[in-house]
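Which chain is which? They are A, B, C, D, E and F, in the order written, and residues in each are numbered from 1.
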């Protein structure tokens, strides 16, 4: 269960309205790497975490903070839209270059749909959606996704920092940049600790190493014509997991068959000249279990 | 420019058809962490890479390999669908539990739309889309996303490995698991090398550290009631970037203002009692540039 | 079955072209609360209405009208795009502020894709989709959604009315505003009549009142720090349904358990320390039916 | 800013696992009328509310409660998935009708992607997205949308109640049904109070009545062949707004022009025989402002 | 403007309910090549048609018919769902293979959301959306898309015909198959007539042939290893447009440059070693127009 | 399996940067008829092609070429963005009409997300997705979709050609236009050859002509009020398939029943007055098969 205070985690007061920048800031709300993504990603990771204790508590602490980041930026957007020339006509825009420059850069839905407020969408107006998050239950895979999300988030925040010189907006972004720095360090540390605690290793998941074809876990295949890739540390030497050696396959050949699909079911009307014969029948089960026994008895 | 051979990178021949499993395998084609995502993510990263040389060549080698993985799994899906009871009626399903079990688990579009072939969609039939990829140009942020994608991809492949006992399917998955192991190691190594080459450090982007509020780059805020998070390595000690100390704020208070949005534009018809006065006018530019001089002259 | 006349329900002739406004008008075609939504929402409600008679006939009358509204606005958009500087280059825009102001506010797809016509998308270019409509079969729930849709639609139309001073555009919008006024009244009246006819009451659905926990159908929970909510009519007194009393819980405590997810299936590779034991086996059916008898017999 | 306790608002413990039902419950998490929608709809309405006081506090109280409902159902889903035959093969399903019935009804992504946890998607696997919410700033329009959302939500919850006989699942749903009853009453009461406070009336927005064509705000147009619609209260008498009379137009004629789009821009290659002449040039601004004066001077 | 009669264009009465088939039939309502697509595609083509006369009238006749096809199939779906075991529990499914087979193949939203009615979605539950249609204004390009849509539509209808043996369902599909046959012929004939009328030729658009590089409009490039493509009629001889000769390039070489992106803007934090120098400044306009003159004067 | 060379298929070097045009070019990358669509459409058609030989080889040759077109345009976009005023503030835009005109027309995500590179999205920022492609296995239906896609693609390319006067951009587009000309001819020729080879005829699929109602495969129904449609070649004479005669039904009447949905399941809470009685029970199977025999025996 959650509780809320109207006070923002940090100030979000622009010095002046700027509806064009309000449009761009939507990226930090509803973009694939915006605050909504980290909020819901961490909440679902926390709810799906199978171990009470420090990992789950950390996830829920950070998740709960991130809802407050969505809030801060949503409020900032509303404030940047104050006094926006929302209902200015095109005639005004065409007659006044200043109005024209502003109108051209605004998000029409912030006025028409949200009445001067933020949308749950990115800077191209595409809505945030649930496929942007990942919560697999495997904490190594998930913490890596978290460190990546915080890195992309800080890159985007830094770019947006350079797109404004409003002291109030920059004030908020200086806080957000700092939190993104911290959270990158937090998830990197949590990955270290998962390994130190013996819960995970370098490769996720820590399983099926005996089943996978070890000889194919070693070499980068050279399939594009630039040849510098073999100069990197990934072309020879010990792999980060400490188990495999890196290699580099300079002239790889396809190992597989000719990739022909099977003959088609005539009732599906694929164009077909009969050259591969008829399709085999379904062969799904052994039918040696109960159903098989039943069939034997009754037919 | 690309070239293609019909020979698959590795064999993709099931022992027997299994249309239910063909449905699940869609996740590895069109899921958010499937082969299509890594293909397009790496291609756009390569095309957006600003340094000729080993990093770009590595990205393009792996990207080109991944298109071939989409191909392998698409062919495997078509073969698993051979002889599927695609046009069986519900009456047959209801009369025969074996048919019923199979029909219930099939993807209807694989028959109706694709005529017994693979779709560019995930295991819930949701189409793959371009928001699943990230290519920011910042290689640290991008390689972290790549390591995360390969980890999630191997977790999903491992789960799917346990959902079949067909030797042919497992044969292909043993190859894929191995490549996912290698690629996790490759991107982790590439991150190390970016840092060794002095191109990036621990936090992405390597910038704006003087601008961000350093005092907020240190402490996890305790906002959920489990208290174990302070036992983790992220609550004290040096951060992975070697620059900051970790802290833990046990009783954080909101630092911000009351979060009130500004008075609304009357022409947008937000419900409003006038309590906050009228909205300020737009104040976008100094107008001291050319436009300002022009206005001074002409008005 | 439908029939069509080329004559529009009402005139849709702008005085002058205005491609920037044509961009904004897309919201009334393909937005979540645009004409396409009410068209398809009412059609599916009508087709799903289980009572021949006045409700179904009303729904179909209004639905059929709304297709004509999509038509009117699509034609208006095409006319507003006449003579748009669709193929002007950026060089021209940069050299002429008037062209620049116009080009900056245009929808690129109206030219590139639709050749100077309307799109089935909203003012941010996001396509209309079938999840925007609801037709549940419960007419109280559906008519409430209809009254809400007409209200949002009239709010958006009113905002767009203030964004133009073209007499021809305003002429059409004056018709649309009036229809939105009427349709709000129509659906509110229809809700009254559903109740007068004894088909529905205040709460949808009119069922399961004995099963639900009545003690939790009374109080607003105070979970955010503003305290004025207890001053509202929803904090005490009789509820609109005439059955419940309102209350206000000033210091609510969570009533539930600790929210721990169960131990994970090892074959799914969730990170787990074993602290909660092994997962239970599936326990889905009693197997005392036919299948149970069969199993008893054959195993 | 938000705070969180791990304790759920209400218990969410099924008696037995049931992965098929876990699939269906997704509708209450990520469906267009699920808990995620009301959470984000209320949060954005609260952040966009232009009046401190009882309305804003109410919105934030209920919004904060709803995040906790997403949590409850997400945990319930994870528990229903315990011991699910996630990695059973099709061969097992085909051999055992019980396993077959279960596997056929499961959501493949709950196992493959979420590792036995909930997804942020609906019961057809379609992800929740930001276009599902509305926060217009007009509280009458928004509260109507809220009352509609709670009605649809209770209808769906009631249907799901009838799809299980697990006492633990029903226990949680009895709480949710009660909250949906209360919340319908709350938003209906809040609409009454907006009107009593003189902030809004019956039609949203309370504006532009003098501009709209009053003669078209009266009659339902008869456009479908059932004739019973004229028997309803919406065909005669005073409208709910107390301002208009209802009417019914039995034989309506189109009032508009012939709907012909204008001649096309040749550079866009629409098929055209030249019959309507050439397109007019753009006529966007008066150019009598500053830009006009400048042009006069310099050209 | 449209009018409607409740009578369907053709009967849509199944002999018996079949909720599994109702699920599959969704493809013909909301699939990318379902009835909704042709309805909206033809309507927008008609509204965007720049020539009054036979083409526009044909488009509007067929478009208006197609809305009625959405209606027929939506009603058929509702009838197929009659008496569906919508609220059966998993326990029942597990105990009774017949119920299990049925439940596994049903669409959960048809019950939970639509209350036993059709959805505006495809057979995987993905909603129909506005990007599925094309109305470019170029009638050759659009009629080709129409002929393709009717072909895909008939293929899908034929597949669905083979998935049922219900005489009532087949009765409706026999009508739909016939209309799809006719409509393929209609659009092919209309393409012939566009050419006979001198409005279009073989290639769309009929323009820019002098500008395009004619030498690259001739040869298929051999980029995949199968060599049979040179045996086809597209490898030599006159092209269908009667203007070009076909060729086949057996050993094509890339004609382009090395594909290196330019040096990045430092404020965007792309990883960069400086090897390509600094980015050039923007060079958008000649500034020799009015703006240039103004700048000269004032700076 | 694929191989790649960094050399582009053709040059893609603009003379000058132009970030506004870079925005528009996105349509050719990620639009519904852009290069990504033809790439993936042809790849899936090739992988799903059931006949080794000339058709499959042609499809794979062209598919492999198209990946290279995505590449060319992505590189062109990055080069057009060089030196874009990505981090200019609104204040600068408002003060300088040239900057304002440019900023207003830019895609914010190209800077914020992609760091000055291309996105996998269209010119309205909507991501490319897998529902844009079709690969049905029926080559007549698929080749028609291909000819339509190349036609729409060339129309869009031609429009974009007219939106720039940069010699470098036009150089690339002259190559693309030529390839689109060739590819239209190629797919039209391939359709001819499918028919010449006796694999398909005029109508897709070449089946079920005896089952469909032949009397409904003849006449265009006159359902919109323009009467010129009967003047077209589709209103009389032999149809292109050489089998049917065209007709024109001037006064069509609905042939179907009244379209009433069946009585609803009470447990789904549709509003219902009981007028149509109770719903029938499910009647799915004959149960005369094995399951029926079992039931007979055990119950």
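Criterion: a residue touches a chain if its C-beta (ideal position, glycine included) is under 8 Å from a C-beta of that chain, and two chains touch if they have at least 3 such contacts.
Molecules present, by chain and UniProt name: A, B, C, D, E, F = Mn-containing catalase.
Given the structure is predicted, the values throughout are model-derived calculations rather than measurements.
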item: Where chain B and chain E overlap in contact partners, by chain label; value: A, C, D, F
item: Both-way neighbours, i.e. chains that touch chain F and touch chain D; value: A, B, C, E
item: Equivalent interface positions on chain C and chain D, same or different at half; value: same
item: Between B-C and A-F, the pair with more C-beta contacts; value: A-F
item: Whole-Å separation of chain centres (CA-atom averages), chain E against chain F; value: 4
item: For chain B paired with chain D, centre-to-centre distance based on mean C-alpha positions, whole Å; value: 27
item: Inter-centroid spacing, chain D versus chain A (mean Cα positions, whole Å); value: 25
item: Junction residues of chain C - those touching two or more other chains; value: 1-9, 18, 20, 32-33, 47-48, 52, 55, 60, 63-65, 68, 71, 75, 78, 86-87, 90-91, 93-95, 97-98, 100-105, 111, 113, 115-117, 121, 124-127, 131, 134, 136-138, 140, 155-156, 158-159, 162, 204-205, 207, 223-224, 226, 254, 256, 258-264, 267-270, 284-285, 287, 290-291, 294
item: Chain contact graph, described as a line, ring, star, complete graph or other shape; value: complete
item: Chain D partner contacts - residues on chain F that touch it in the complex; value: 155, 158-159, 162, 267-269
item: Parts of chain E lying in touch with chain B, wherever the complex brings them together; value: 18, 20-21, 23-24, 27, 31-33, 97-98, 100-105, 122-126, 155-156, 159-160, 162-166, 223-226, 254, 256, 258-264, 268-273, 275-276, 294-295, 298-299
item: Chain D residues within the chain A interface of the complex; value: 1-9, 30, 36, 40, 43-44, 47-48, 60, 63-65, 67-68, 70-71, 74-75, 78, 90-97, 113-121, 127-131, 133-138, 284-292
item: In the complex with chain A, residue positions of chain F that touch it; value: 1-7, 47-52, 55, 86-91, 93-95, 97, 99-101, 103-105, 107-109, 111-113, 115, 121, 124-127, 136-140, 194, 199-200, 204-207, 290, 293-294
